[in-house]
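Please find the structures below.
Each of the two complexes below includes chain A, the first together with chain B, the second together with chain C.
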Partner chain A sequence: MAQTRREFIKKAAALSAASYAGLDLSIDRGSVANANENISWHRGSCRLCGVGCRVELGVKNGNPVGLRGVPEARTNFGYLCMKGMHFWKCMGHPDRLVKPLYRKKKTDTFKEISWDEALNIAADEFAKAHKEGGGEAVAYYGSGQALTEETYFFQKIMRGGLQSNNVEGNPRLCMASAVGGYLTSFGADEPIGGYSDIEKAHCFFIIGSNTAEAHPVLFRRIMRRKLDNPDTVKVINVDPRLSQTSRIADKHLQFKPGTDLALLNAMANVIIEEKLYDEDFLNKYTTFKSGKETVDFEAYKAQVAEYTPEKVVTICGNSFSADDVRETARWFANSKGTVSLWTMGLNQRKQGVWANNLVHNLHILTGQLLKDGADSLSLTGQPNACGGVREGGGLCHILPGHRPVANEKMRTQVEKAWGVPQGRIPPKPGLHTMAMFSAINDARIKAIWINCTSPVQSLPNCNLYNKGMAREDVFIITTDIFHTLTTQTANLVLPTCFHFEKTGVYGCTERRSQLTKKAIEPPGDAKPEVWIIREWARKLSEKLNDPVIAQCIKPFEGLEEGYELPKAIWNEYSQKLTAHRDNDLRGATYEVLEQMKDGVQWPAPTEEYALTGGTVKKFVKGRDPMADTESKDDLPYQFYGPAHPDRKLWIWLRDQADPEEIPDSEYPFYLSTGRIIDHWHTMSMTGRVPELLRANPYAHVEINPKDAQKLGIKPGDMVELTSRRGVNIMPAKVYEGPVEGMVFAYWHDQHKDRMINKVTKDAIDPGSKEPEFKICAVRVKRVSGPQPLKPYLVG
Partner chain B sequence: MPISGVVISCSPGHRYTVIKNLNAYKSVEIHGADHRGNIVTVLETDSSEEMEKLIERLNNHDHILNIGMTYLNIEDEAERMARGETTTKPFGFKAPSV
Partner chain C sequence: MTGLSPHQAGARFLESPVTKNRLRPPGAVPEEIFPAKCIRCGRCVEVCPYRSIIMLDIRAGIHAGTPLVQVENIPCYLCMKCVDVCPTGSLLRVSQESTRMGLAIIDQFSCAAWQNTALCRTCYDKCPFPEKAIRLDQLKPVILPDHCTGCGLCTNACPVTLANGNKAINIEPLYARDKVTV
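And then the complex of A and B:
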């Protein structure tokens, strides 16, 4: 690079960073114009976590050459994290899949075939399976990384076309308990508030989330709030493991895995004992529930009275005091605004829904909801778990627009919108994820389409489920940008476009839908999923001689795939399927989304309203248009969500309940799993980026120094982790992170010795069907000193 | 030569210690700091890989709480990649034996 150009770019970089800190540098602003010469900037979202940071991709001569944050975006205000800064490298990566690949038998090697051949095979195999076993013999397994248009379109073909509710997605593995929690506590899925509460909060209750590493840009906002108000803002971190998030905490409560239900009940007990609850709010807006019964405040009071701080300290493992519990409860209740944040630590549990309910209970009890600076905010791991899968109908029991599939009226609405005969969508929900892969194990499902996810690696107790995927009588299609362990079990691998190589919408944690438009060409013959679905469905209609399948794609025939096609799909979804639903997105048209730097928060029934940014607080009259149109009385808050006929918030009486597996003499340690800042999910994307791979090339297991000493384990030693299901061998990191008696392993590694889901347990929450990844029992043994290891990726 | 604009944040009380520490890095240019613990920097390294290592080291610093990136230019690397001069395939992984 010429010296002058380098100087221009450095000055532009300095000015960019300085503008965020409010510093005025004496640098000539002409440098920015020079640095940007011949670069076109394209606005979109980062796709590497659920925060939804807005980013501009710089493109020169068709190649990505730079990235910058969007300062006006209310998600990230221009900041990005290291992980987000590297996603451009997936674009030109030589490992990208660029041709359809096929093999008749899974033991054969793949050969390249044309798209026409590939789509014919895909249609033949689905038609064959359908003729043999109807809708129950076919399945779609999608992803929180797929665009909303993709999830919506796939499920439309499955349900309206193939009459199958076997529509699932990996959010079942991470978000299902949060959905269950919101529906049962608030009567409606997704949070009431959002990120804007962070800057107004006075207390943060972070439980089961390492926000600093998993959601770094959001953590920055929490950190700023705390550092700018050190005396008036409290941060409470509740987690069995100390992490980077704990660095800003005023109080960290470490507990034995699975005992947090008792702790949350103890906090409620203190709040009631010390009369810190909001009586008026409870009287107006709350119902108390115990199982199927409606009970009253006194019953709830009596139930939580069992959880005295002293007793709970013992249950939780004696690593904090009864006064800590009292103080935590007081901070929570007395602050001018409390925001709770959590992720998988609460969700990936056999008691996941209950854990979510108990956090919501505290907010309802104290009225720490519906006002600025207060919210019960579940963070999502993937960029479009909310927008695509939860809202777009991507799970087996829900249709688009938060409609339960079992409800006839709801099915009829969808059938009408699609112009398919009434009764076309089967009334019975399909198989949830673990049931779906069990059905593959015994070949009840004969053909499955796996889109943009790698269940071979990401299912718990994966050895068991991988057997089914290896069966020759189950035909597997995968759509992805790279090979994964799952493509290695497929018959047909279809190359797709990456982000910014196609157009579509992501909906992030805070009910915000944001558009990313195509900015560069995909490599080779890679195609957007929406094109693949349309072309496949047309062939399917011919092979099954079923005009209803053709009807499902009729509105989209002939449209150009880079922009017009996804736009038409979004248009159908938002205008017809979200109208008058709680996620009303009619105002969030492509025209509006293109204008908005940071998208639109639903409900947003009109374009005019959507252009303001949409609804910051749900259920509040004057701030949420649906709270006004759905109002039934004079009260300022209107809980119009679909799941609570009494239009109240529900406080649940839930007792402490153990996880499925607790340590015993044979398997004496708890194992918990999670992800690190640099890697995301199964690493098929981040693992291809050399910088991210090298930072943490292989998984390791964190062990508390006291446990390490007892077991004779030194840093870097190779350690064997054995559960009742499988074994891993990985290096040890001796670290004051996990609480004594617990080890913690990362789950991004694809190597067979370090794939932690061979060890994890597949117990599921009975309500949400989400597996208990977070807790199981293991044996820990040193096997050798440090060994040189090589990172491993499927190539 | 990737170049990035980065706001490094620490608790205000540790600002001077952190700045002193950052001064020791050749690839970190400090452009200013404010009383809130925000330090405005430009990072310039020989490769993205070096930048990553640098950020990783900074992230592990006791008093650094967050590394907020605002701008990244990688045009040199991108051009070399487009010309096929450098490869982003450093791993040489073999296909799995399934």
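And then the complex of A and C:
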């Protein structure tokens, strides 16, 4: 006991005395905005999830005072979630980084230095690493939360300047499998439709997504649609965990983790057997693929015929019946419009691309595509994973404008646009995220720039990779607004501007680009990333004596960093690099984006067209200008995507394949992880908003009541989760959420005992290289009764 | 603390400190007999690992020395340690589920979800008995009185604080007002 009885009585007496002396504990009312006078409202998009809610920041005397939704925006119609309403409190937060910090050794304490010194050090270290090992010894690891201008500019310097394809970003951890799925099934990345399909859909197929928690504003639209039409709209939720999303579902199929591929094949089987497919659509627009071979409908039919509903129910763990599978398939195929929604449940898997393909298969098979109210819609986790990283060239194998690095013609186009010598961009793709951090473990990468993300916490099996990041012979630069666990492994920490303190574009789930303009001044010496990159690149050019690096920043010299500089970068990217690509953004200039209440959906080749809001449905003649210009025949749908030379949709023959790690007698439980509504990723922002922190001060693990009873675990008990890789101790929530035999933990907590990525597995999808965060095997043990815990934030 | 400032203490000499969000620990007998039954030993205060239970001082008149949980400061986590150590039966040995410290009441005029200002369901997420004691009806929280323990986790977490210090969800000590004597 922390306090003896004697001390306790003394304290009680002291408190009485204090009260007579007139001390009073007042409630902090500083955060309550009540006066509405003199507030100017500045439009932008939300800093947090991938929905892309349009918000307005209220500014009074140069200080932020609140956020509100924009009712006219076609993403959120004015609604916000608690995170979205409160993130402005990060802006003036006392924990903000305001000076560049440096330390020679990672065991030293940080010292404040000037920007000039900081940029010299950054350039010296990158130059040194580059001289030693060339482009392969340097790396950039970015984020789906960086602005498009930032991602684009960073990769330009890395590829054009330093001749390195080691350009990666955290979307590799969340969206890579969706990219792989779209490219292999539809021939072009990103969804065909968008959110507007929700209000026209008659069936929702939600698989591997807790939309209610992770995309709450979008969930509201789905819920509204269902509640307004309770009899004609069906909601199907397919998830091993009963979540908030399941609560509006007509049918919830709770399968054993990792068996969903079999379930999706069984649905295809029912659709074919009961002749619910769209034969005309299949004849006109579909190719069947098995590995590298082209096969036919009969081969596909034979492949899925093995997945009879009866057999699959057994594979999935017998928690639903074969008739449930049949009915689900019928609802899916027969509805007037079916929208599928998924996120990490399918993507963060060793078979992530395959799982994506199998969902697309169902849509192609039934023709539930390209019409209003039907789409195969992958929800993005981060606000700019689509816009910045997938479109802007932020992954090791792609150049801006959805161009594969390995393709010489594509490289030449980019080199020409940048005015750098031909052959400057190396032809070999760089290291993908997990390979990049493995290379850091072996010190093959000598200098890495980590921008706006915290891999120390967010990589799976992070204990392993954190050893590399702690190495003294790997120089780490981080750019961030707060200290994170990653800044604790850095040598140089550069303070950057937060959202609304700089200008730039975010591109959300539905191909929509939205501009956020600078509305307030950044604190201290914080600078926008685009300025940091430009200044750093200039020094780099001098130190390496390489005029090509200077050429990369030449169009941007002398521009003011708050608005003119990002605008010039956006212009170069959108006009030169997206022209005639499938993400044609030439019409979405800053002038147009500033006028729009909610942004522009690409393709938008002209300003005039962009002002209408852009393309709601890709590939449809009359609705997508590129379907008309790229038209090769008189069919209404034109699949002009870059990856399918036959201009068809591809149905893939994909078999059930197990996850990397399956529970056994030693590690008998499945572990899955996820996000909670109040917190954003590693909590460095939301943890600093008192309202949000108080709601969820620390992570907990959800355990099925039946399992809890077997293990003797009561609500609030401290539970140890052990995998082959690491251990966590966190409080238990006994809850009919996860299916029996599975536990579910939240991953936002920064405390070393509750950082669940120490436990998760780093197996990767062979195609997309995305790790299997969602499934691993653990042992669960009660260690004690409830313990008082304190929230933990580094810095 | 505001309700207990020194100049008011005299007038409130006999008045129970149990009001909105000011609750007795789990298993407490009704207020009518609590002050007579509790011997002010402070064991419940001492055993509470979360420091949820405080001991009232002399400003609380005849209630000085009795335990109180101020849920908007630190709620009760229902660890049930206090009921085990009470030597007098002022705190009866109840289970987690049968604890009735009070009942959560949602102020629909200030709740962000009910007012449609933001999609908030913090109270639902914090409840130790979700779907039993609280559920969501079209994303708006609704309390189910049969299972609400009055632990105050929801009140504590509620992001809305009103000018008078109340939250958008508050615990009313309904059961403390039960009559037991004739």
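We adopt the following convention: the second predicted complex is superposed on the first by the 759 of 795 C-alpha atoms of A that agree within 3 Å, B and C clash if a C-alpha of one lies under 4 Å from a C-alpha of the other, contacts with A are read in each partner's own complex, and residues count from 1 in each chain.
To be clear about the criterion, a contact is a pair of C-beta atoms (placed from the backbone, for glycine too) under 8 Å apart; a residue touches a chain by one contact, two chains touch by 3 or more.
This is a predicted model, so every value here is computed, not measured.
In the superposition on chain A, A:735 contacts chain C only, with no contact to chain B.
Residue by residue along chain A, chain B and chain C are tallied for touches, and B comes out ahead.
By the touch criterion defined above, A:488 lies against chain B but remains apart from chain C after alignment on the C-alpha atoms of chain A. When both complexes are overlaid on chain A, the residue A:150 reaches neither chain B nor chain C. Looking at the shared chain after the overlay, A:79 reaches both chain B and chain C. With both structures placed on the common chain, the touch criterion links A:60 to chain B but leaves chain C unconnected.
Of the two partner chains placed around the shared chain by superposition, chain C is the only one that A:715 touches, whereas chain B remains out of contact. With both structures placed on the common chain, the touch criterion links A:787 to chain C but leaves chain B unconnected. By the document's definition of touching, neither partner reaches A:190: not chain B, not chain C. With both structures placed on the common chain, the touch criterion links A:765 to neither chain B nor chain C.
Comparing the two complexes, residues 1, 9, 12, 15-16, 19-20, 22, 25, 79-82, 84-86, 212, 216-217, 219-220, 223, 227, 247, 677-678, 691-692, 694-695 of chain A contact chain B in one case and chain C in the other. Chain contact summary for the complex, chain A toward chain C: residues 1, 3, 5, 8-9, 12, 15-16, 19-20, 22, 24-25, 27, 29, 32, 79-82, 84-86, 212, 216-217, 219-220, 223, 227, 244, 247, 676-678, 691-692, 694-696, 714-716, 733, 735-736, 785-788. Contact residues of chain B toward chain A in the complex are 1, 3-7, 9, 11-12, 29, 31-34, 36-42, 44, 48-49, 51-53, 55-56, 59, 65-76, 78-79, 81-82, 87-96, 98.
Taken in their complex, chain A has these residues touching chain B: 1, 6, 9-10, 12-23, 25, 35, 39, 58, 60-61, 63-69, 78-82, 84-86, 88-89, 92-95, 212, 216-217, 219-220, 223-224, 227-228, 247-248, 470, 483, 485, 488-489, 677-678, 688-695, 750, 752, 791-795. Remark: chain C residues 1-2, 4-6, 42, 45-47, 49-51, 55, 57-59, 77-79, 81, 96, 112, 116-122, 125-126, 128, 130-131, 136, 138-139, 156-157, 159, 161, 163, 165 touch chain A in the complex.
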